[in-house]
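Next come two complexes built around chain A: one with chain B, the other with chain C.
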Partner chain A sequence: MASVEFLRVAKSFGAVTAVADINFEIKDGEFAVLVGPSGCGKSTLLRILAGLETATTGSIKVGDRVVDDLQPKDRDVAMVFQNYALYPQKTVAANMGFPLRMRGVGRMETEKRVLETARTLGLEDLLKRYPKQLSGGQRQRVAMGRAIIRNPSVFLFDEPLSNLDAKLRVRMRAEIKELQQRLKTTTVYVTHDQIEAITMSDKIVVMRNGRVEQVGSPLDVFDRPANRFVAGFIGSPAMNFLEGQIVSSGNGQEFVTASGLACQLPDMWSQPVNQCASIGIRPEHIDLAEEGTPGAFSLRISVVEPTGADTMIIARSGTDELSAMIKGRHRLVPGDSICLKPMPGMLHFFASDGTAIRV
Partner chain B sequence: MKRAFARRFNHPELLPLWLLTPASVVLIVILIWPIAQGILLGFFNTRILNYKAGRFIGLANYDVLLSDPFFWNSLKVTVYYGVASMSCTYLLGLSFALLLNRSLPLRGIIRTIFILPWAVPEVVAVLIFIWMLDAQYGVINYFFVQAGFLDAPVAWLAEADLAMPALVLITSWHQFPLALLILLAGLQTIPREEYEAAMVDGAGALSRFIHVTLPGLRSVNVILILILILNSFRRVTMIYAMTGGGPARATETLSILTYNTAFTYQKIGYAAAIGTVLLLILLAFSLVYFFTIIQTRRGV
Partner chain C sequence: MNPRTKTVLISATLFVLTLVFAGIVFFPYYWMIVSSLEAASLFEWPPRLVPSSVTMEAYVKIFTERDVFTWFKNTAFVASTTSVFCTLVAINGGYALSRFRTHATTAFSIFILFSQLLPATLIVVPLYVIFRQTGLYNSLIGLAIADAAFVLPLATWLMKGFFDRIPVEVEEQAMVDGCTRVGAFYRIVLPLALPGLVVVVAMSFITGWDEFFLARTLISSQSNWVFSVGLTSFETQYSIAWDEMMAAAVVFALPAVFFFLFVQRYLVSGLTSGAVKG
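This part shows the complex of A and B:
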């Protein structure tokens, strides 16, 4: 068990900066997810932590130890790779026992612990098989077995579910989370899938272009995104953004978009008026409203997507577009006009540089 | 009647057969036919100068063969040469393949240089080596004497004990690029993640070599070793140009014995019998390796 601390970590490959100025801490036993679009540096950061890459500057602490100059094998971390990286010529048992054998654990002891680990993961019947004879989910489990068998201080997962089909991914997601809760081992998990990030983590680290955009609990990041990028990246379906400005009118302040959509602002709005350049509304925070309701947008429906439980609507007015996830089923026809009202207090405001404005 | 016949031969399922026919005919004419002729010739006491006078003598050639000390010597020499040159070639190839598999500056140029020996014609390579091994002017003798390994220059190719090592040396020098290329290709198919997983799992460089590199090369090894052994068993040009089988038959492999018997001693019937034995040995090797390949595929 150990905490992990990144101290001003940076890495460049030649002239290309992969990650820069990374500073955050993962507490002992925490499940942290590094999330961001491809090429944001999340995998690089994980590989630096594993010791497979060396940081150009900065330092990493695992527990109380600075691990910068340690070999991967001496860092007491275990890693699960995206394509599992099982040893193809070894059986499942030999794959799982390998880290123990490499650490000089005896044959009998290794066999015993392989069996224990296999039981934990439901792999008892597969021990004599070779990786080629396993399904994707089984390989994934063997890779996890190889990681947990030696009881490391930190687990590292590098997009471990991206090679699985959608259904299996959901199941393995739950399995990994359950396993982590049982073992209480500090975990760093890399993914580009924000749903994985939200559902699995205790702490989300959102990255873009080699920098950390926000660190926080999943709900915190969801509710209070630090900037427009985080707001748009976290959450599915993605947040709507409307560009425009705030104008004062007779009955308080209004947000008016370029194409003329207007939205009344809450009374508590007290920030300097000219700062706000766009507002964000999550699709699930939009309700149907009667024609003429104050603070509602009047739009024309372009697409209706019934999802079974809810109805997804995409509606436009000029260049503005809103997607709304309306509870229940509704008879709506594309081309009809519709009135949509953001739920009170659920608006997000962003300055022109993208940073969030708290109200 | 005629139409029924035509229909039968135009049947769509027969089309592949028709398409294969030209290739089969070529194979039969240039491969199967000569081999069959060679095997057949082994049952005759034919001599080159009076080819027509050869008589069928059944298994008499093979009877002589089994009690021919030169045949048994050649068999021994062939195995020695095959195993030794294969091992040296493999080790040389593997060493350089491991070296070139790393990211080196100028890797492309270095790789090209390493492949050059293979591009040198065998006879030319032999001539260069004969010159280098020369007792009076050879650079190898000069080096060994200067370095104190030898008291006096040695006539490498004239000593029964030294001719074979010299032959193995030049064979390995000439053939290692082949091993290098095949092993390098094999090394590059091993995923980087396997090495990284092994590193995280606690394996040092040697363990990674044993547990990742060698297993990863297994299927390539099977093919490479087969090629190297088969090549050495049927190699004529290089050995003939270098020693002609001498001194005192110390380098007379089965191929050389076959050649000498046929064209020096003119006993082409007997030579065909030796050739047939060589063919059987090569066939046995091929089958062993063929089944090893199938088994490796099935096992993993």
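This part shows the complex of A and C:
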């Protein structure tokens, strides 16, 4: 096990900058998730860590070792690729034993460890099969088995669940997390799925356009996003944003949108009046309210999506649109008028450059 | 006509047509064997499809009076060497063109394909001059190099196609698992490209085996004759020893036929597997 440290890492492909100025640390035994939209550089960063790409500038430390000049095989990392990358011509047992054989482990010892690992992952009946004879979930497990068998310092996962169906993905998510908690091996996991990121990680690294937008614990990133991008990317359904400005009213200060929706600012608001350009409200932080409730928005329902336990409502007023996740089931139909009120203290404020304003 | 009868009729027609085409293709080989066993029937009209008498005299003659063993040995050497040269260069070249993509490698890929467009007759004169200057003229190694050079563009492209179909991740996985790049290539990638490898080995071996034009031009001494050149020696100023020539042709063709039969299962899958995306 080892910590992983990125020190001002950058990578360019010709004139295109894939990642720039990456600077963060993953502690020993931590489960870190690199998350961001497609093309944000998260896989490139993982490949640089694996040694499959060379950083243009900067340095990476795994434990106490600077690994920049080491070949992938010498970095003591194990990787699980998106398409599992099993060796098609080898059986499950040979696939799992391959990293050990490459390290000069004897045949008997390899067989013993393959069997032990296969038992842990429920693969002992499949050892003689070839990858083409396995289901997606089984292939995924074989790839994981091949990674854990040699007890590496760091696990690297490159979107390993994206080829699985939704149900299997949830199950494998839990399995990977459980495995990591048991082995306590430092893990770097790449995904574009923010639910995977929040549910699995100890630390989230949100990336955009090759840069790190925020590093923090999942709940920290969820509750205190550093900017509008992070706020909109983390959380499902996505956060609502309303554009507008702060105006003085009889009760103090209000945030008013172009369509006239008004929202009372907290009493402790002390930022300059012109700084706040938008507010963010998570759909689950909106309640139904009676007509005329102070601070509530009057809107017209566009879409009603019952999810079983809750009801998702999309409502509009002029150019403003709000998604609200209301607890329980409600007899609402599109076209109805509705009054929605953000929960007190749950608003997020953003400056015109997108930076979060802390209050 | 009911659909079943129609299907049977179509199948029967196709079967008969296949038989006819197979007959057309195989008749020269049959005629070669018949003529080697009884030369007298070669020019008779109507031709006798089944020889009236069978004699192995021509076979005995070519092995006792001609240098067939030397031709055979030289041909086997040239074909094997061509195959080894061609395969070594094609797998490495094909891999490089598949994995290291730059503007230069793309241009080079197209360039080597263009070289395939040049006819042998155009290249043979400069090749002759170069071989004379480099001491490769009249050497079997030289002939193997020349034969390999003619097969290489196609062989390299074939291997490139096979490597293109192997996901890069499999190779990268091997590198993370403990292989060097070269180790990953030989342990993981090359076994996956085996059908392509068999095609290249077979194609280059058969080319080296039956090539005539370069062998006639680049080899001068009789001791270095390969089989295809040796066959022409049955034609003298006043006569052609048809039975001996045909017997020699049978002996010449047999190893290539057996080799082809041995590899044809891989050959068919290898040639067609690049056709559709896997």
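Following the convention adopted for this analysis, the second predicted complex is superposed on the first by the 359 of 359 C-alpha atoms of A that agree within 3 Å, B and C clash if a C-alpha of one lies under 4 Å from a C-alpha of the other, contacts with A are read in each partner's own complex, and residues count from 1 in each chain.
Convention: contacts are C-beta pairs under 8 Å (C-beta built on N, C-alpha and C of every residue); 3 or more make two chains touch, one makes a residue touch a chain.
Given the structure is predicted, the values throughout are model-derived calculations rather than measurements.
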Simultaneous placement of chain C and chain B on chain A, clash or fit: clash
Which superposed partner A:K132 touches (first chain B, second chain C, both, neither): first
Which of chain B and chain C A:M79 touches, first, second, both or neither: both
Which of chain B and chain C A:F24 touches, first, second, both or neither: neither
Touching partner for A:L52 - first (chain B), second (chain C), both, neither: both
Chain A residues contacted in one complex by chain B, in the other by chain C: 50-52, 71-73, 77-79, 81-83, 85-89, 98-99, 102-103, 146
Contact footprint of chain A on chain B as seen in their complex: 191, 193-194, 196-204, 207, 211-212, 215-216, 218, 299-300
Of chain C, residues touching chain A in the complex: 167, 169-170, 172-180, 183, 188, 191-192
Residues of chain A defined as touching chain B within the complex: 50-52, 71-73, 77-79, 81-83, 85-90, 98-99, 102-103, 130, 132, 146, 156
In the complex, chain A residues that touch chain C: 50-52, 71-73, 77-79, 81-83, 85-89, 98-99, 102-103, 146
